[in-house]
């Protein structure tokens, strides 16, 4: 009886095992795995199809085969950290937004690609600016290539279009927090049933720090400075933070901000689009907003475009130190930035099937498909590809236009004076952990206005004191001063 | 006396009824939330009697029916196969342990018990399964790691055998010339139905609710179970609250499922368990013997 | 020495082992599984004492002494998370046991077969729901704008911002989720108690309370001891879902929600440091192991029959 059960179970399991499509690989070529985070809905069938198309192309051109590993973005870091313990990973995306590059390097996860890059084609070398190379380097060694993206962004707010039209608000003329405040109070009075202001995403009031403070000096993430200065402070003691939070605290007290802000699990933009909220903050960039969010209007610029260190290359592509084929992996990595056909296939899939080109040379969903139903899911995930400029497909004239626009943008962005400074915290990881916890504890609460900064500042200071914050900060400041003097 | 007893009975029934309500109503609130439109939810809040009855959540879920149904299929497959393997191994391990005449029984018991306290941690386990056994992106990844045998259930099974199977029965079977396997299948198991069903419920539930193995060992969407789909949503929401900024403005393309949809999928994930479990319930109580019996 | 040899001969001895080969063969699949799944990775615990380097792997990485353990104790959060982990677990064990036993006894004292069955079906429902889903349910109740409690009571409490409520919320949620299962375990023991004992008590004229006190509770003792010993082995662990997902990781609640598992998770999210996470796990295991051994020793002294081993 039991034997029959077991046999049945095993057969069933084996049948299911064969359901997954076998990876296509040619015996004499090296197969590399490429790990990309995604938030899109995609089917494995479509990915396999694109993989086949890519392999046909790069097999001939580079004598390589690739195995695409898409992982849900929420699981991505955990997945690659595990996978990088083995030789499963060749080329992978990794996030460095919170200063993690130093951890990846300290843990020996990433391959040092300095020499490969030095010997690479001129085309690849010219793809990256000096800032971008610094952003993917530590102690003058290079560990990855940054995702091509514009530097920083300005801060704006997104408003619900219907209300804007109903109340005849001139959105573009709103360029200061005071003007925004005035509009918010008017709207709150007229539409008391909807949230006047919601956090940009979940419990984060804003992703954009440009109107607040200069975050993350160099590659550390505990030291801040007010814009234009090089005096390091704790986040909670910067003037920019205090000023921003004075507004939000007032709004919160007056019921303009959702009182659930701290346990919110929604995105601001969807709430504004759906009409359940009027306003959320936004970090604008070269792309026009209206195409991204329907039913919204963007205000004027609340804070100018500035770039902090982690804005440049907060998402990078590199090679796992445990890769069995580092040389081939570098070829593949380079191709992601320099080979238009490969990059386009990777980002959008197969033309006609997963995307079509409109007359402006931009990729669009094929007729009848949306972000939810398009099976390869490329677009919705363009945020995570190596080269965001593939948005207008590379071979078109529009790509050159976009490239020019971004270069213009980058030239005008104010880059933090401390850019390029690096303070090694690898022997202070206990402090970094303790600090991260402390910041988590207060940051969102204060920024959403749920708590008044003045009420908790003494407590924060004493907690900072107790984890040795000010000692580390003084050391960092000394190193920064030295760096600036030498610069 | 009788009067007194009646009052006591009434009080106890009342107490139990309140407890039952406490157990059921929260779940019901979630079910109702999944039938409330997103806008109504925001305006009126969570309620047992939503002002407006809406199917928008389930319409959305139905649109991605393919994913959901495949998730169901995988969940059921893994649950059934995993439970069978687990129960077989548990029985085969527990029965000898319940035999007082087994040499080195205490050592074996300790080997078993020790696994309840110590484990090698995620990374060594992962490296072994991924490197040595190559189970990534196979059905085995959902079946084998950590779930195939659990010391606690083996101990429960052993206690049951010691408590409910008289030694004389085994002796008698032996005198008839039956081998150990035959004794187990023909004599012991038929007497152990309640315990087996109890274990089926508990082990099955572990497989049904598991998403950890999927998160660690599976990147292939075809192998996603319902719980993995649910977990992915939560991980994505959490990721956005932690580090959305690194995606830059393109993050605007990201559409998180609404609270109502998350509730709907949660309901869908729990319903089958609730549907099956009352049928197993009648065995449940009879099966459990923990402690009490030392062997 | 002679006595030991004699004992080995009596219980062990190759001949005796061989005679039971069938039993050992039955255990083989389980043993192999334990060796692969549980014991082989334990060699990897050595990572806890190393500065793990991905390139060098487990064996090639440099030794780090005890420095990986420092982050568990080196910060001001150390006291907080150990207090929370131990404190909640102790309260959970006590409330969980007392409540479950009470329900088990009531179930046993009740008349009427059908209601009894119905109660048993329903009180197990929370046990079937995963913690993720529980976090949704809790949110549905506590959300300050749209939560059921604030809406129906007309209050305006900001639950996710007020730390003082959460110790109680955790206890209630934990109890809600686990009492049904524990009650059934104790109930199963209660109905297994020899009915002759009850009859004797009734003959002696014992009241209901006396019966419960003198027959039921002593009958439950072995189960209580086993369950508690097992729980003690886990007091340095905490249900990550309960303390992280249920409070929606709200910053203002950290003082009452930070347990060892939560702290380690958050720390490692940032540092992806394999050595530290192994160190934390090792610390939890060792503490649990020592506690169980100690508790078991005490039980051995007081009530030898009910010790775990």
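Going in written order, the chains are labelled A, B and C, and every chain counts its residues from 1.
Note that contacts are C-beta pairs under 8 Å (C-beta built on N, C-alpha and C of every residue); 3 or more make two chains touch, one makes a residue touch a chain.
Because the structure is a prediction, the values reported are computed rather than measured.
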Based on CA centres, what chain would you say lies at the far end from chain B?
A
Count the touching C-beta pairs: is A-B or A-C ahead?
A-B
Taking each chain's mean CA coordinate, chain B and chain C are separated, in whole Å, by 16
Intercentroid distance (Cα basis), chain B paired with chain A, Å:
36
Mean-CA-position distance for chain C and chain A (Å):
39
Hunt down the residues of chain C that sit against at least two other chains at once, touch-wise.
52, 143, 145-146, 249, 269, 274
Shared-contact residues (touching 2 or more other chains) in chain A
85, 98, 203, 265
Shared interface positions of chain B, touching two or more other chains:
42, 88, 122-123, 127, 234, 238, 241, 259, 262
Complex contact set, residues of chain A against chain C
77, 81, 84-85, 98, 100, 103-104, 107-109, 203, 258-260, 262-263, 265, 320-322, 429-430, 432-434, 436-437, 440-445, 450-451, 463, 466-467
Can you tell me which positions in chain C touch chain B when the two form their complex?
11-13, 16-17, 20, 22-24, 26-27, 29-31, 33-34, 36-45, 47-48, 52, 58, 103, 106-107, 109-111, 115, 117-130, 132-133, 136-137, 140-141, 143, 145-148, 150-152, 176, 180, 184-185, 187-189, 191-192, 208, 222-227, 230, 233, 245, 249, 269, 274, 277-278, 281-282, 285, 288-289, 292, 305-306, 308-309
Given the complex with chain A, which residues does chain C contribute to the contact?
52-57, 70-71, 74-77, 139, 142-146, 158, 160-161, 247-252, 254, 258, 263, 266-267, 269-274, 276
Where on chain A is chain B touching in the complex?
1-2, 5-6, 8-10, 12-14, 16-17, 19-21, 39, 41-44, 69-76, 78-79, 82-83, 85-86, 88, 95-98, 149, 153, 193, 200-204, 207-208, 265-267, 269-270, 274-276, 282-285, 287, 289, 292-293, 310, 314-315, 371-373, 379-384, 388
The answer for chain B against chain C in the complex is residues 8-9, 12-13, 15-16, 19-20, 22-24, 26-27, 29-30, 33, 41-42, 44-47, 88-90, 92-93, 95-97, 99, 101-104, 106, 108-113, 115-125, 127-128, 144-146, 148-149, 152, 154, 163, 179-181, 184, 205, 209, 227, 230-231, 234, 238, 241-242, 259, 262-263, 266, 269-270, 273-274, 277-278, 281-282, 284-294
